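Shared between the two complexes below is subunit A, which pairs with subunit B and subunit C, respectively.
Right after this comes the complex of A and B.
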């Protein structure tokens, strides 16, 4: 029998959703301030309207839903998924008011893409977008990378078991410090530390490459946000090709690779445990799968002979593949070049890299290197068992901060989520193909959306079918929250209707 | 074994990086403004059929956007030939994605470009004649045009961005409601704190 949620359940969910929405309203203060400083008055008004809408919704929910009850596991999952949905609907206001979106659905698509650090976009005439809106686009992806729940936990929550459940509901489970609020603050300290250094380095490089000081500073901050969060948004329609600089490319690679690593790994390195960087299962898994996919793409591209020499070929292949594998989505080629110049094999290698993704508990999406590593270790253990005497006791371990035994529950958990991702990739690709796109292109774009990567081969466009926009938006949401929270929200909605 | 794999990967990456930094850039064979153009493809044509135009002298026209980035004797500029480049400055209706090409031009030619398109400006409409590279050997395999001739066809102009009175009123009204709810929430929050 399905139990219908009671009034108390609605109240606790409403109260905590309200807190998260207030956090979104506070975030809008940053683009609002920038608009005011740069004299973009009309844009500033858009942010006043949008942040006021967030505060009305957030404080209104907290006033309506007064309860002292703490969050249970089910509530936390519903709040995580629900607040992402409401934050997306309200976060789309500045996009929609800017007049650069074809419809409110397009604005919602872009904001979901930002929060989930995907990087696909439907915004039109990007090269004439205001600085305020560009700041919002990149801030969305920066905050979304750490997690909007993490934002709220940092400023608006007290440490409690419910707060930890909420944190887990957003697809994270690493506890860097004993208290989850302290953990959320630690994530922000690490991210803001990197933002200060990385943003300034990129700004200095942009200035040296010929940008004006203000544009170099803003582009430095935005490109850092896009890279660190593995979001892939960039302030110009040319993406990172805009800079035409090997040095700039190398720095962005360093940032997005760092951003794709597990927060716990960052914390370990910050705490002095540098050995962890080369021992960790996820970094080893990432190095192996990135090398293999780059190798396949390089061989495919060298056979086509489109790049003039080996160095340029490797430069292009490595950048797109590293960007795809870390689920960043930065690109130094035109979207259509994947189809027109790269061909099926290199596209397939990129699709596989995007599907695997980067580290768990990071800003990145995809199946995750941890799961690929655990499944591979389980496979190796099975082979060892087959070739060993029956009496032999085979124990396979992997290293992630400590040695972990690869046992059945761990393997089952890794396989379950992997199968869920593969199913999602398949379904989204099929919908793309059903809309009339070539299957390889539909698969490339579908995997890109569901793994929160953002590389495009040209399918994503303002004129694409509405059904595909909706499906990609849902796929980004499901992929980022790793299914459980969204399924819990669906279950909650079902129980409200059909429960007793 | 794992250490060896990582060491090999590190060495390969380092070697490729160093090679990329010191790789000699081939000097362009064709220079001078007397080259005859073989056509006027759009950026869409160039992206969709790069092999067809690779190495050929072409005419290209578009709105300069962003900024002109000087690099020594030459400069990068980006010309958008999308629907927006053909619009009047006060026409801000949507017409799809931006589309354009990167252009590498001598600094003295690029200096003619005074206004680049951004939120506040419609950029100069610029016409170039140059050699198209599907994957430029001099610029890391980027798709670009090396301009040998450049002229500003139409100077750029500011875009008027009027502040809407309706939006200002809506912003004021919503802010008042939000402030009222915040005050109410704070009072209840404090009262609960005192009771606890």
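Right after this comes the complex of A and C.
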């Protein structure tokens, strides 16, 4: 029998969802302030209207749902998924009011892409978008990279057990420090530390490359946010190819690879444990799978003879593969070049890299190196068992901050989520193919959306079918929250209708 | 970081060393990528 949620359940979910929505409204103060400083009055008005909508919904929910009850696990999962959905619907208001989107659905697609750090976009005339809206696009991908819940935990929550459940509901399950609010703040220390250094370096490089100081500063900050959050948004339609600079490319690679690290790994390394960088399962797994996919793509491209020398081959192959594997989506080639120049083998290598993704508890998406590493260790353990005497006791361990025994529950959990991701990739690819796209292109774009990467081979465009826009939006949401929260929200909705 | 917000100069030094370590990891990956490209270009 399915138990219908009680009034008390609705109240606690409404109260905490309201808090998160208020957080989104507060976040809009940043682009609003920039618009006012730069005299973009109509853009400022868009943000006043949008933040007012957030405050009315957020405070209204808190007022209607007054309760002293703390969140249970089920509530936290529903709040995490529900908050992301409502934050997307409200966060799309500035996009929609800007006149740069073909429809409200396009605006929702772009904002979901931003929050989930995907980077696919349907916004039109990107090169002439206002500074205020550009700040909002990049800020929401930066905040989404840390996690909307982490933003709310940092500024609006006390460290109750419910706060930890919310944090887990958002797809993060590692405590950097004993208290979850301190953990959220530690995540911000790492992110803001990198923002200060990375933003300034990119701004200085942009200035040296000929941008005006203000433009160099804004672009530096925005490109940093796109890189660090592994979001892949950039203020120009040519993405990072616009800069035509090897040095700029290397700096962005350093930022997005660092952004794809597990926050717990960052905290360990920043606390002095630098050995962890070469011992950690995720960094080892990432190095191996990145090198293998770069090898396949490079061999494929060198056979086709598209790039004249080794340096150009390295710049194009390594950049696209590193960007795809970290699920960033920055690109230094045209979207259609994947199809018309790279060919099936290099596209397949990029698709595999995107599907694997980067680290758990990071800004990145995809299956995650941790799971790939655990499953590989499980295979190794099975092979060792087969070639050992029956009485031998085989214990396979992996290292992530400490040695972890690869046992059945760990392996089952890794396999379950991996199968869920593979199923999602397959379904999204089938929908793309059913909409009339070539299967490889549909698979490339579908994996890109579901793994929150954002590399495009040209399928994503304002004129694409509505059904594909909806499916990609849902895939980005499911992929970012790693299924559980979204399934809990669906279960909650079902229980409301059919429960007794 | 102790007790939540305060960050000392010593903390900042540790953070900078951590960032440098992470940058070295990326450089090693890039060097492997470049080596693959050089070998592939030579063989093709």
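Note that the second predicted complex is superposed on the first by the 500 of 500 C-alpha atoms of A that agree within 3 Å, B and C clash if a C-alpha of one lies under 4 Å from a C-alpha of the other, contacts with A are read in each partner's own complex, and residues count from 1 in each chain.
Assume a residue touches a chain if its C-beta (ideal position, glycine included) is under 8 Å from a C-beta of that chain, and two chains touch if they have at least 3 such contacts.
Nothing here was measured: the structure is a model prediction, and the numbers come from that model.
Colleague: If we overlay the two complexes on their shared chain A, which of subunit B and subunit C does A:426 touch? Say first, second, both or neither.
Modeller: So A:426 meets neither subunit B nor subunit C here.
Colleague: Please work out whether A:74 is in contact with subunit B alone, subunit C alone, both, or neither, and reply first, second, both or neither.
Modeller: Neither: A:74 stays clear of subunit B and subunit C.
Colleague: When the two structures are laid over each other on chain A, which of subunit B and subunit C touches more residues of subunit A?
Modeller: B
Colleague: Answer with first, second, both or neither: which of subunit B and subunit C does A:59 touch in the superposed model?
Modeller: first
Colleague: Thinking of the overlay built on chain A, is A:302 touched by subunit B (first), by subunit C (second), by both, or by neither?
Modeller: Second partner only, subunit C.
Colleague: By the touch definition at the top of the document, which applies to A:250: first (subunit B), second (subunit C), both, or neither?
Modeller: both
Colleague: Touching A:318 in the superposition: subunit B (first), subunit C (second), both, neither?
Modeller: both
Colleague: Would you sort A:287 into first (subunit B), second (subunit C), both or neither based on which partner it touches?
Modeller: A:287 contacts both subunit B and subunit C.
Colleague: Touch test for A:274: subunit B only (first), subunit C only (second), both, or neither?
Modeller: second
Colleague: Considering only the contact definition stated at the top, list the common interface residues of subunit A for subunit B and subunit C.
Modeller: 250, 278, 287, 291, 309, 311, 313-314, 318
Colleague: Can you tell me which positions in subunit A touch subunit B when the two form their complex?
Modeller: 40-42, 45-46, 48-49, 51-53, 55-56, 59-60, 62-63, 66, 97, 99-100, 102, 124-131, 209-212, 215, 236-238, 241-242, 244, 246, 249-250, 278, 284, 287-288, 291, 306-309, 311-316, 318, 332-334, 336-337, 340-341, 461-463
Colleague: Where on subunit C is subunit A touching in the complex?
Modeller: Against subunit A, the touching part of subunit C is residues 1, 4-5, 7, 14-15, 17-19, 21-30, 32-34, 36-38, 40-44.
Colleague: For a test of understanding, state which residues of subunit A touch subunit C in their complex under the given definition.
Modeller: Answer in residue numbers: 177, 181-182, 185-186, 189, 193-194, 197, 250, 253-254, 257-258, 261, 266, 269-272, 274, 277-278, 283, 287, 290-291, 294-295, 298-299, 301-303, 305, 309-311, 313-314, 317-318, 321-322.
Colleague: Which bits of subunit B are touching subunit A when the two form their complex?
Modeller: Subunit B reaches subunit A through residues 2-3, 5-6, 9, 16-17, 19-21, 23, 47-50, 65-71, 75-76, 78, 80, 84, 92, 94-100, 102, 117-119, 134-137, 139-144, 159, 161-164, 167-168, 170-171, 174-175, 177-178, 181-182, 184-185, 188.
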